[in-house]
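Look at the two complexes coming up: subunit A is in both, with subunit B in one and subunit C in the other.
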Partner chain A sequence: MTAQTAPQSATGQSQHGQNQNAKNQTEPEIDAATAARKYWMSILARTDCNTLATHWQGNYADVAWQTLRAPQIGMVMVRGRAGGAGQRFNLGEMTVTRCSVTLADGTIGHAYVKGRDRTQAEYAALFDAVMLRDGAAQSFIDDLAQKQAVVKRDHARKIAATKVDFFTLVRGEDE
Partner chain B sequence: MYVAVKGGERAINNAHRLLAEKRRGNTETPEIETDQIEQQLSLSVARVMSEGSLFDRDLAALAIKQARGDLIEAIFLIRAYRTTLPRFAFSKPIETGKMDIERRISATFKDLPGGQILGPTFDYTHRLLDFTLMANGQTPPEAAQGDQPVDDTMPRVLDDLLNYEGLIQDEPASADNDDAPVADLTREPVSFPAGRDLRLQNLARGDEGFILSMGYSTQRGYANSHAFVGEIRYGKVAVEIEPEELGFAIDIGDIDITECETVNKFKGSKIKPPQFTRGYGLVFGQSERKAISMALVDRAMRAREMGEQIMGPAQDEEFIMEHSDNVQATGFVEHIKLPHYVDFQGELELVRRMRKEIEARAQSTPETKAAE
Partner chain C sequence: MTAPHTTSGIAPDLLPGFEHDAFQSNAVFRTVLDAMSRPGNIYNLPISIAAPDGLNETATAFALAMIDMDTPVWLSPACISGAAITHLKFHCGCPIVDDAAKADFAFARLDDDLSFLSRLAVGNAEYPDQSATVVFMVDAISDHPDMILTGPGIKETHMLSVAGLPAAFHTWRRENTTLFPCGVDVIFASPHQIAALPRTTRIEVK
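Then we have the complex of A and B:
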């Protein structure tokens, strides 16, 4: 099943995978299917509503589905750690929209996305369901991931241009 | 006797209509769009999100527009709005070590792995007005691109560079202690002494000007904590939550964060050798001034924990935490402009009566007075 493709192969989130800080590794092991789902959900959460809607209408317009939980706007309290690694504290909230849908065969898709776009959350839940059902949107996800990676890389190159190159002047008294 | 006074309704309605007209300004000037505010006044947006304690760039931009650019009024609007929303979850602690770096500098180590990344900064500008921005029409040249992107992994200065010698104290509670409850001042009343979790939450949403002044006071001698900036980083971090219906953590998107860690001298005590101590600042958006100030005040407020003598207001957690919130402060300061006719009538009566009594006493005993 294409949905089982390991997320490391794609570029979009690879950074979060490699850059593990040894300190915070208390997370339980997750299976490959869950890892794949986490990955596509993270890509969908970063994709704007129009892109999702266009692709859905063009490819899945005939898919039958029902709303399980209508899109709802709420908040997540974002937590930080003192010193980056110490005691937890509540930093402040962020807006989040969630939605759940059911396909005709009973597959349930969920979405939690940053911001207040109900339609984006609904499409993200639909794509989650389609991916769970048969991984049909894998190439779409890979495509999105690649685009996100390119944007990120281009930006990171602009940031890299502001890196300081120190050079030391040789002074007479040191010979 | 309480006398109800009515009659302001029409005046209030008309005042609000006038306000709307003034907000719009001269209609020959194009109306400002909220996405222009979101994009082009992004540091105002960052402040409103931080102190409004709600990360949502669009809402912050709307609040700024509605408040005519009065940022504290905008923060008030955001605070009011957030009370209308349900809270779905607490995030897992964000991992600033995995930040997509947009700026990262250290004032303590010059040659650090990953390098000094200046990013979009006002530092080293000459603070001369740029009249081309007023002349309205020059699109800036595209930013330069490096051959390679910035490093994915940037070690944390305090943990990865300074800590290997044990020269800096560890954060007292690390990931091992994650079952401990986390204080939340938006849901429970604040009591003192306050834990560091509560103090950091209070500082993160505290008024930038107030935190700045208090941080400044620690540098000027009203707390014994000479600080260096170990590291400042600004960039995007992913937020993860673990919804019950899924049972595993998912990434819901990125937020912009500024983080500052200060390194402070500590002379040591009878049981501890001299070592460096830490202050921590973390805020939404790009706001270095606030993050540095927060770290200074966080360190100052750790006086009790370090067994230091309290010698300045920045070390007094009750003073700081009770005065840092600009919505609370503005509410109490500004409420005295609202009608206090009856209170004041009472005061007026009292002062008149006291004066009368004093006059009466003076007249009834003229001989004693003369004899004195």
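Then we have the complex of A and C:
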């Protein structure tokens, strides 16, 4: 499997056309439903397999579902911006696992998670499907989001404590 | 951690692809390779797979094994359907084209208007591999002596019979044979069997 252009970015470009190339530099605009899905998919993708599995077995063990696309491991190109806001550049490739499942009522859930954990991708796709169907796992997602935010803040605080500010008192060429 | 427990026996809008991607696409690829190497020999589809409206099982398995995002696909009016397009786009990621001339793979049935055959890409002298492959979905293939095949991959002669093969096909095929090394390869896909007629095979119609 090789990296594929996401369908969203492809349609986004055709809609904007060539006369608005500057527009392509910004993120494509998305509606509220897509934004909400993007939010829970990203939370799920960052959650470890055990947490997902335990919650699924405890609450949704009787949900009927089928694999649509068995977990596949592949590479995607990660892009960054110079200085966080400048020109786009290719940072490097990373391993991702993707999976698609369908519930008995036809709801389709997708997941892309980093790394090679097939089971994590499967559970993430299942939770995506459940969230699409009736949003039943909203409180679980919110809990996860809160925990992840705490971890991120603690990490940022630790890093911030080691920050060094460089400044120049006198520069040679001023003489 | 154990994998979540799956439940079978449900029929969603979007059908599943290969159950074991690597092994099953490999098995189908091997079957297609054998069929192309031994023109007219009939091979059984080694796996079973769900087929969307418009495609049969063999054609679906062929598509999932052979087609990816770099191979545009053309579907004839008789086999184009929303389900088929969704299925191919989801599992193969391939572009679906309106013009048969731009396709690497064309899917059709024998009761289609066969004039599209002459628009298919035949490759060129430097790159004869840039030709298209056409997959005909048929009801049945047998070794009844309706067609006598000769050419590379056949020791002396080989018999093949395809249910409902129209005369227009043979007219096109005679032209196609003169184009070598260019030309279009043909695959016949009955629901559970596959046979191939590469561009080099000469056909004598009984």
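We take it that the second predicted complex is superposed on the first by the 124 of 175 C-alpha atoms of A that agree within 3 Å, B and C clash if a C-alpha of one lies under 4 Å from a C-alpha of the other, contacts with A are read in each partner's own complex, and residues count from 1 in each chain.
Keep this in mind: a residue touches a chain if its C-beta (ideal position, glycine included) is under 8 Å from a C-beta of that chain, and two chains touch if they have at least 3 such contacts.
Remember, predicted model here, so these are calculated numbers, not experimental data.
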| item | value |
| --- | --- |
| A:123 touches, of subunit B and subunit C: first, second, both or neither? | second |
| Touching partner for A:33 - first (subunit B), second (subunit C), both, neither | neither |
| Partner chain in contact with A:78 - subunit B first, subunit C second, else both or neither | first |
| Which of subunit B and subunit C A:50 touches, first, second, both or neither | second |
| First, second, both or neither for A:91, with subunit B first and subunit C second | first |
| Dominant contact partner of subunit A by residue count, subunit C or subunit B | B |
| Which superposed partner A:70 touches (first subunit B, second subunit C, both, neither) | second |
| Contact residues of subunit A, present in both the subunit B and the subunit C interface | 72, 100 |
| Residues of subunit A touching subunit B in the complex | 13, 15-16, 18-19, 21, 23-24, 26-27, 30, 34, 38, 41-42, 45-46, 72-96, 98, 100, 110, 112-116, 152-154, 156-164, 166 |
| Interfacial residue positions of subunit C with respect to subunit A in the complex | 1-8, 10, 12-21, 69, 90-91, 93 |
| In the complex with subunit A, residue positions of subunit B that touch it | 49-50, 53-56, 58-59, 82, 85-98, 100-103, 110-111, 115-120, 143-150, 152-153, 156, 158-159, 170-175, 177-178, 180, 182-186, 195-198, 200-201, 204-205, 238-239, 241, 243, 245-246, 248-255, 259, 261, 278, 280, 282-284, 298 |
| Complex interface listing, subunit A residues touching subunit C | 4, 49-50, 53, 56, 61, 64-70, 72, 100, 102-104, 106, 108, 118-119, 122-123, 126 |
